[in-house]
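This structure is in structure tokens; I'll ask about it shortly.
All chains are identified by letter, namely A, B, C and D, in their written order; residue positions are counted from 1 within each chain.
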Amino acid sequence: MATIRFSNRKATTTGFGTQASNQGERLVRKDGSYNVIRSGMPFSSRFNHYHDLITMKWWKFYLLVITFYTSMNILFALIFMAVGMEQIEGDLGLTTAEHFWDAFFFSSQTMTTVGYGRTSPIGFAANLVAAIECLIGLMSFAILTGVLYGRFSRPRAKLASSDQAVIAPFEGGTALMFRIANARSNQLIECEAQLLMSYIDRATNRREFETLTLEYNKISALALSWTVVHPIVGDSPLVGLSLNDLKEMDCEFVCNFKGFDETYSQVVYTRISYNSNEIVWGAKFTPMFHRAQNSAATVLEVDKVGDYELMALPTS
Amino acid sequence: MATIRFSNRKATTTGFGTQASNQGERLVRKDGSYNVIRSGMPFSSRFNHYHDLITMKWWKFYLLVITFYTSMNILFALIFMAVGMEQIEGDLGLTTAEHFWDAFFFSSQTMTTVGYGRTSPIGFAANLVAAIECLIGLMSFAILTGVLYGRFSRPRAKLASSDQAVIAPFEGGTALMFRIANARSNQLIECEAQLLMSYIDRATNRREFETLTLEYNKISALALSWTVVHPIVGDSPLVGLSLNDLKEMDCEFVCNFKGFDETYSQVVYTRISYNSNEIVWGAKFTPMFHRAQNSAATVLEVDKVGDYELMALPTS
Amino acid sequence: MATIRFSNRKATTTGFGTQASNQGERLVRKDGSYNVIRSGMPFSSRFNHYHDLITMKWWKFYLLVITFYTSMNILFALIFMAVGMEQIEGDLGLTTAEHFWDAFFFSSQTMTTVGYGRTSPIGFAANLVAAIECLIGLMSFAILTGVLYGRFSRPRAKLASSDQAVIAPFEGGTALMFRIANARSNQLIECEAQLLMSYIDRATNRREFETLTLEYNKISALALSWTVVHPIVGDSPLVGLSLNDLKEMDCEFVCNFKGFDETYSQVVYTRISYNSNEIVWGAKFTPMFHRAQNSAATVLEVDKVGDYELMALPTS
Amino acid sequence: MATIRFSNRKATTTGFGTQASNQGERLVRKDGSYNVIRSGMPFSSRFNHYHDLITMKWWKFYLLVITFYTSMNILFALIFMAVGMEQIEGDLGLTTAEHFWDAFFFSSQTMTTVGYGRTSPIGFAANLVAAIECLIGLMSFAILTGVLYGRFSRPRAKLASSDQAVIAPFEGGTALMFRIANARSNQLIECEAQLLMSYIDRATNRREFETLTLEYNKISALALSWTVVHPIVGDSPLVGLSLNDLKEMDCEFVCNFKGFDETYSQVVYTRISYNSNEIVWGAKFTPMFHRAQNSAATVLEVDKVGDYELMALPTS
């Protein structure tokens, strides 16, 4: 067999461009999605139905199911009427509207396979249409089952994160901090955070990216809250900058979060973004957990994740 | 593209706080869950139905299915009665109670799509209600299928672990030991253990955490038993401590276990916790496997995982 | 327990042979699959129905479902006719053809469990056949549900890649470049690329493999496009080679791509291959993203992934 | 937050004991499963129905489905008879046997929800039993769907491996070799092998384990065959040993194989074991792939994976 010579060079890039004029303003939206619109995708790729079906909101999904069911029944009712209602035994209707509703309900009984049989097909054509409709009903239902399972089992980290990041006092100096907590009852373990700072270098008009060093970038379990801390010391690009500087640099802090969801046994990812308007200069987060009164447990108040109090920063 | 400067600092924390007064007593319950109660979660996150449905006990789950089925049939029976039982062909009832039961059983025949047709809807309103009930029946059943699959396929490591940890003689000195075995027929491979010691530093009243060095922290397969061993030597925080010291320090040993389940092809995690009341000072575990009498195989007696015999420790 | 001595030697090979005469021409086809045909596989392994069912094209899959449904109904129609149509109550047919269609439609009503009941089995044999057909119908439908879910949930990276690789000017010298973008709406994060060069050493007539050093081999997210760049400098095997040399060496560039699909929470892999006829000597890719006119987002034009313009290379 | 001090000691063990007299003969069976029998497992863990249902052979699984279907129908037939057949409209039977079969087929029509309605429940008790049976039918079918999907989607590496390992000439000396190939049409990529040697040290009567150094222990893709090679040089424990020595030491070679299955997007593991009776001293494997005659592809003959020819070894 053939040997491969490996290089040791392992370089990573963000996947964003550097030409400031080429790109939109915010890289990551507040919901954690990338602020990118695609165009010109190949036709077959443009529609990823399954992806849409499992990510759409529940009310839209239910509306879609009801619309599909109604439309299919209207369609088959019209087909049965075209075939001739004399081929549907038990059709008691006299007017066209009555025929339609008999055909409509017969269709619904066929598609759901309930098949009471009070109305039933007797002619060849009606029998054929009914045989086809049953199959379509079963396949639609098989797809529905798969999509519902897909919706349920899709892994999602739902992090509660503070609306603002703060510049807080930290070990005699200052630090950039924001706080996250798990907003679901799933257990997130082996969590990691990576904090990127994106800004426009006004000298070169290029967008630059820096990874900010974190006090801790791993946590065994997100059982309580996690205050992510970037100390503004040493070679931190934030050293000496003011809030106005951040705004002029069109600064954005993007946190890539990764954890293992014990319930679904899957790695989940999410992103949190703070732009320069979402920074509070001189504040610290207030406690959000305490010992339970009636048990030996700890109580975590998830809605307090963004609570902070203003406080003076040490003058550097 | 933009280059990222990476820092080499990789620090991990437990995700628990250090203020002793702020937190409950035990960090990890005996069943391996974190001893944390959440409050103030956003309304939509408070209910994670799928999570509840796949983790609830089987008898509760079956009871829920039966309750749902009965309630839906009662509800639709009442709707059919409100619509008018003259719209249900084949209803033989004379009294209201008899009408109710005819409507109830007609509903059950509709919802399960069995649709015998001895009773069947003839009016517009009854037909409409029946068409809706069929769809609800099919969707409920689709959800049931997904949830049952979710229950079945959820990866779970079920470890048999010794009820107590022991301080045992080890290589001339002593060691903290506990023993685990796989209580399921699934094969667990590439297993890892990490042992944390949590205690309250009475000088600072802060909760401190130490990772305890293990004799082995990886095992190719949990085919037999695994005695996890922390030798009390060198810089072990247990050197020189007595059982009373551990109790005064409110000591808790938490083992994070990780393995790969070959049947489900997924990584599984579990936790084991021993507090100071679950330590036996001076004991060793007795053998739990032997050569099979009639075959060349090895027999593992899972129920003996906690069996130990008392024995004197070497005086240090 | 027994300790294992571990060796530090970690060597990797491509899995392809080195005897040039032993192997086919192209290692990887344009669709990313390996250009290998298997023979002599054990009978049970030769057919991996599930694999075929979830990877076949949709129109083939639907055709298969319809064919199966029709064939089963024909088969059971013939069985019911053999059993005797006097056992099917409601059979109105007079001729053999009419009997067949009555049996055919009765079969379809049984297999889909619609069971109108206008035709129904009355004899023992017909009842038995119908009871068996129901079960087969339910199992087929269970399989259909599983396969449909398998088809939907199968993770696939669909990369748009440039049809050609180019030799482009790069930092004063030249570089081999090709460009990829995500052709689906799924988010691909933590992407990695590895570029192999395979060629025949005409001196030894052996196929050799080299890993080519990349400018970046990791990317945080494939949010925009990624131009994979191998600088032709230093110890690159391409230094000093012309396009003719590459053709004579039967050269092939294989890129192994790996990413994490956030929607499916799974690692996806794909391969891209360029042979010497798919290299443009002296060209560079033209921009494929720009700032959106009406929003702060960035627009990515996926169909421009292969657009390049010819340009002179620096003379080395 | 509390910092954790991490130790650097990373030690691995096999998970097998070292007392030779305590354990069975062969550690790993020829089918790759561990040669261990469990006893004394907690009652709830002893039965992992889902695990059994998805791993049992297909004919057993189908037999189980048919047995369940028949048994349930017999059970409900008896319940309907106990309730009174006058509550089943359409029951034409005169003798008890005829009643039984009418009840049996009515039950099958209820459980599969086909519900023709020629026979249907009219009394309260029969209606209640039928309503319960429908629900049981639907739940059984939901379970069937989940189990069938579980059976299909379970990741399995099916390796074709040579029945024997050989001691072959290698780079002037000798090497232990065996050969594997992928027996399925799934693509296995990023494959790894680890080779353990287990033997009894007759001096101490302890079972010892050694990891054997491999020429290559990683392979980018198992597209063709892979001859796993352990060169018998340097500190290899096989240096100087004869076949008789291996037999006296009760030697067993266990290969842990790991790969990523592209179709299922999951990591798969398997094990291969050779004991001293499965070693051929002085042989080499013969080629198993060649260039296709009519295409540019390579043909892999999977059934030749174990083909070898005897050949003299260099005298050391």
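In the analysis below, a residue touches a chain if its C-beta (ideal position, glycine included) is under 8 Å from a C-beta of that chain, and two chains touch if they have at least 3 such contacts.
Predicted model only: the values in this text are computed from it and were never measured.
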Query - Intersection of contact partners for subunit A and subunit D - result: B, C
**Report entry** Fraction-based call for subunit D against subunit B, same above half, different below
**Finding:** different
Report summary line: Looking at Cα centroids only, farthest away from subunit B lies chain C
Query raised in the report: What angle, rounded to the nearest 5°, describes the rotation that places the Cα atoms of subunit A on subunit C?
Result: 90
Report summary line: Higher number of C-beta pairs in contact (B-C or C-D) found for C-D
Query raised in the report: Approximately how many whole Å separate the CA-defined centres of subunit C and subunit D?
Result: 25
Report summary line: Distance in whole angstrom between the CA centres of subunit B and subunit C is 36
Requested in this report: Indicate the residues of subunit D shared as contacts by at least two other chains.
Outcome: 1, 3-4, 11-17, 109, 113-117, 145, 149, 196, 216, 220
Query raised in the report: Taking the complex as given, what residues does subunit A use to touch subunit C?
Result: 1-7, 9-17, 21-27, 33-42, 45, 48, 50-51, 54-55, 89, 109-110, 113-117, 120-122, 124, 127-128, 130-131, 134-135, 137-139, 142-143, 145-147, 149-150, 154-155, 196, 256, 264, 266-269
Report summary line: The subunit D residues in contact with subunit A across the complex are 1, 3-4, 113, 115-117, 145, 216, 220, 227
Query raised in the report: Across the complex, what residues on subunit B touch subunit D?
Result: 11-18, 65-66, 69, 73, 92, 101, 105, 108-109, 112-118, 141, 144-145, 148-149, 152-153, 158, 160, 183-187, 189, 191, 196, 206-211, 213-224, 226, 260, 262-263, 265, 287, 289-292, 295-304
